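Every chain is named by a letter (A, B, C and D) in the order it is written, and numbering of its residues begins at 1.
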Amino acid sequence: MKAVVKTKRAKGLSLVKVPNPVIGPREVLIKVNNASICGTDVHIYDWTRWAQQRLSPPRILGHEFVGTVAEVGEEVTVVKVGDCVSAESHLTCGHCYQCNNGNAEVCRNFKLLGVDHDGTFAEFFVLPEHVLWKNSPDIPLEWATIQEPFGNAVDTVMVEDVAAKTVLILGAGPIGLFAAGIAHACGASLVIVSDPNDYRLAISKKMGAHAAVNPRKEDVVGLVMEATKNIGVDVVLEFSGNNQALNQGLKVITPGGRISILGIYERRVNIDLNKDVIFKKVRIYGITGRKIFSTWYKTSRFLSTGMVDPGPVITHRFPLKDYEKGMKLMKDGKCGKVILTVSP
Amino acid sequence: MKAVVKTKRAKGLSLVKVPNPVIGPREVLIKVNNASICGTDVHIYDWTRWAQQRLSPPRILGHEFVGTVAEVGEEVTVVKVGDCVSAESHLTCGHCYQCNNGNAEVCRNFKLLGVDHDGTFAEFFVLPEHVLWKNSPDIPLEWATIQEPFGNAVDTVMVEDVAAKTVLILGAGPIGLFAAGIAHACGASLVIVSDPNDYRLAISKKMGAHAAVNPRKEDVVGLVMEATKNIGVDVVLEFSGNNQALNQGLKVITPGGRISILGIYERRVNIDLNKDVIFKKVRIYGITGRKIFSTWYKTSRFLSTGMVDPGPVITHRFPLKDYEKGMKLMKDGKCGKVILTVSP
Amino acid sequence: MKAVVKTKRAKGLSLVKVPNPVIGPREVLIKVNNASICGTDVHIYDWTRWAQQRLSPPRILGHEFVGTVAEVGEEVTVVKVGDCVSAESHLTCGHCYQCNNGNAEVCRNFKLLGVDHDGTFAEFFVLPEHVLWKNSPDIPLEWATIQEPFGNAVDTVMVEDVAAKTVLILGAGPIGLFAAGIAHACGASLVIVSDPNDYRLAISKKMGAHAAVNPRKEDVVGLVMEATKNIGVDVVLEFSGNNQALNQGLKVITPGGRISILGIYERRVNIDLNKDVIFKKVRIYGITGRKIFSTWYKTSRFLSTGMVDPGPVITHRFPLKDYEKGMKLMKDGKCGKVILTVSP
Amino acid sequence: MKAVVKTKRAKGLSLVKVPNPVIGPREVLIKVNNASICGTDVHIYDWTRWAQQRLSPPRILGHEFVGTVAEVGEEVTVVKVGDCVSAESHLTCGHCYQCNNGNAEVCRNFKLLGVDHDGTFAEFFVLPEHVLWKNSPDIPLEWATIQEPFGNAVDTVMVEDVAAKTVLILGAGPIGLFAAGIAHACGASLVIVSDPNDYRLAISKKMGAHAAVNPRKEDVVGLVMEATKNIGVDVVLEFSGNNQALNQGLKVITPGGRISILGIYERRVNIDLNKDVIFKKVRIYGITGRKIFSTWYKTSRFLSTGMVDPGPVITHRFPLKDYEKGMKLMKDGKCGKVILTVSP
């Protein structure tokens, strides 16, 4: 079969022929319909420091997908051939302290699809049954593809209720954009999005943002304080991974408010803990992964009812062989989500 | 001034002339623009057993209103003459165990406006400053009038998050109808309303209900289980005060779900605690009043943004002198909310 | 091997020889060291209406135990021969709406050990690996035996924080008695226990109750209100399954407080929902099972540190063959927990 | 009367004669029995940069106290002459966004006793009635004195449940030491305290710490990981205001755990947000003040029942005139809490 593979410890990827994978008794063979590109994939492409430390080639990339069950192991009990599935990308161990305490998203022994385990940029791949998610027939295939990153947005927004609250979103990459739609659907009374990329700010308006600000051109703190009549926002959602944006966010949280942080930073961060967190009684939530599977139920309901329409975020589609085009768009920031069609 | 007064211990009310009220140092005189009729007022009109035990005539009725500050006591510090205000109807003591622990809505010593303290069915009335709420200029006067019962709905819906959850509402009186709009605005993925009154069911659809069922004609339990693919609903909101409806609600909650109960029952209730609550790990929330003032902020945001449009629920307006017409409509169930205009 | 079996649809049990059980690839064979008797076992012995509807003989009874892993299936990965184990008695399916949303204790498809699956009143029995719990070496064997019912108490007490709160416990069977110890260890500032059995009230004092009341001789409501200076208790824990006790509990909860209910009732219950729940803004939690495995971690920590000493509750030990003695004591209420030693 | 006053913008304090204060209609005159010294008072003594920016002399210092009501204003309704009182040191406005949403501890307009309003290092001082707390007669006078800082510890520990959890406390000043006692009383299964001061570590053991480590001599991270069998602690409580200690704390939190931060830092902090917060799904709580008055109830119950004995933390007593001795001890770290007796 064909697959996009990190073949060696250097920049770039290769489209190569590899043997079809074989399943174990509790595993499932999946025929990929669509896969989509995540920032993580770009890091691996670019062979950044993080990628060098984390990944051992050869490895088939990709962890976002929608597919069809092609074959099931003899002890598989729930899914069956022909089912339309997506999956949790954290292959959890199921028996560590975190898995046993409802925190499987930070499993001590998890393997990451497309990083520690061959991924979705291929015609077929294999997963253990327990991470599979059967898709609702009410969700279009393209939307089903992006449920994994959409779930990141769900948890970032919903770790506390946002209804009737004011929200600032920092960073309008695909996950930040999904978050704008989710916050809007969950009854946030004000959603402001901040990002230096005007192309993405324009999409944020389509996703339900009431206001979009460009920190390169405008005074984010001043505008947020004005929009909230000097109260500040109840909720900040930080997707940018930018220390300056983080500090702007902390500055405008109203005392007693909260910030959820999913963005990844290039280096250690520097914050005014006294003024911006302690004296303001702020709650900070580190967000990672998705809750298994409560986040998937929420995601499924937002998408199957159309309460959140992720359409504006899905900006490009290419056949798998043109993955380089997608990678380039991602690096240029000239896209929302890029979908690779494999066996449409 | 003119006022609608319970003058004696018998059925009925009287429109009479009474002296203008006088304020103390921390009190405020309010000129009433609109008042609206609550089920409580109908109980007092009818002089039901509850009313006989609770109220000592003479008493001016009414606790829902929008008004204008006409005069302030010398120690009043926040509101000023001309402010457009509504108010919390629970006149709390501020120093009991409940007030001191964030549960002022169940203050041990509270007085109820229009029951223990002369109310809003009058040209003027008096309140202590600490229960007043300054209205947002973005809320139409009519909508501002109904914030008190709307707040009941806010708390019933929002005691836990409803986003991406399935919801059954039992009872489509004005508060149940507001709740349908609020649940919809907060991202409930399915809102079903049950009520024997088709007039009100029709309004529920305008408020955002996905489905409306009449328990006199349809099998509520069967329909809810079908709509949820046999899972049951995550959330039940009980406004009917009907034991049979309550039991239907308990029957269709999915294990691990919750029910909020605001409806008042004619007598003690009978429930299957083992099967419907314990073995299903259900949470039951008794709901009363509004949180002071966090519920008011939420209410204000839902209304000032138009996220919830209470328009379909406000079905009738009469001048104060025609209060009998409103009372009759309420008893006949041929209305949503009835507004009495006093000094429009 | 020898086992205590419900052989036919009639009162009584039999100690009989049965074939040794055989394990599947994901299963584990356990040699029982101790088992303990639960009220459920007494119901099955007595062949009550509940038992008649629930159980199909033949069935080996028992679901509380400590044992040693004797053999493991080929796909078992975590436990190994010789491990000292106990287990969750709910054999959950792992893929229903409840299991997938962190509510596995109300799994739609669970099988109950000793009811739907052969149990622990035997020399050996079999469990799927995923419900096993490896015991801390710091917990005495006898204490490890009773972790399953102890876990019921943990969840009943800890569904909300009890630290610096006042607590009334209704029902001083073994689980109520464990709850007294747990509430005390978790910093409850006042723990009152109510039960008509003076033998068990005496044990409650040893478990940390500040006061013990006998509702047949004393005015429970009056005493609780006096002990709390007329405020009422913050927390009620209901283990009695007695409607009258339940109503006493609801009566003395302070407005804004909560009740957790684990007790099972003989018939539907009758409560004053208006006065005792709604107007008091009370939260009611139905409690069942244990959270898998967060409750087990808490249980293990309470026992391994000695923070809770369950010793006073474990009143009798018999060899398995004398199970009739244990059953009789349970029915007479002349005991706390009764342990059956199998292979000590 | 005599009072300890910051008379001018320079280092030091003066014991001077000042006129007796006069009360307004809603105010109360308090005769001080004991006052105690807080780190804030030392900052003001030393005239640090923070003090220079925050305080305008002349000002009577002190905000921790126990006293007796000497006179009440005409509109005071709850306290009366002779009552034994302490008080919340945040004089809140009662009508801002924070006060109205249950976050009065971060009131936008609060005045701080002993900083913005004349304080407790005097024979008499004045407070508005609404911040007063009537002391339980079951609490010794000395213990009642330190309820304000004790309440800081209560909130830091109890923002989430600690029962059956493992806890690391960073910083063993008086508040950290109170926290050790509170965590122990609330059922923490392991309490480790870290501080470079051996004198204070010795007190921590008396307060219930299971282990005490000195970061100047021992490897805190290594010891905590060993004590928790490489799982890490569920809870970190940070009182040190030291960036290095903070990072040690973040390092040893188990994924899914939480940290509460009350310590104040000399400058902005530097943290590894990716590794220590985001990828570990950690919750950070900024803690300030006390919840009004729920924290006071908890404090009162811990002290009046003796569940927490703060005795070991109260190491020194001096008459008011010897305040310099107390200041010196505080600066040398050779004390726990220092009490100034005024009118014992």
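Note that in this section contacts are C-beta pairs under 8 Å (C-beta built on N, C-alpha and C of every residue); 3 or more make two chains touch, one makes a residue touch a chain.
Since the structure is predicted, the reported quantities are computational estimates derived from the model, not experimental observations.
**Student:** Would you say A-D or A-B is joined by more C-beta pairs in contact?
**Tutor:** When the contacts at A-B and A-D are counted, A-D has more.
**Student:** Could you label the chain B-chain C interface same or different, taking same to mean over half of its residue numbers are used by both chains?
**Tutor:** same
**Student:** Taking each chain's centre as its mean C-alpha position, how far apart are chain A and chain D in Å?
**Tutor:** About 42 Å separates the centre of chain A from that of chain D.
**Student:** Which chain B residues reach two or more other chains?
**Tutor:** Within chain B, the residues that touch at least two other chains are 97, 101-102, 297.
**Student:** List the residues on chain B that touch chain D in their complex, please.
**Tutor:** 25-26, 75, 77-78, 94-95, 97, 100-102, 130, 291-294, 296-297
**Student:** Name, in rising order, each residue of chain C that touches chain D in their complex.
**Tutor:** Touching chain D: residues 154, 158, 161-165, 185-187, 189-190, 297-298, 301-302, 305, 307 of chain C.
**Student:** Quick check on the complex: what are the chain C residues that touch chain B?
**Tutor:** Per the touch definition, chain C meets chain B at residues 97-98, 101-103, 105-106, 108, 231, 246, 254-256, 261-265, 268-274, 277-289.
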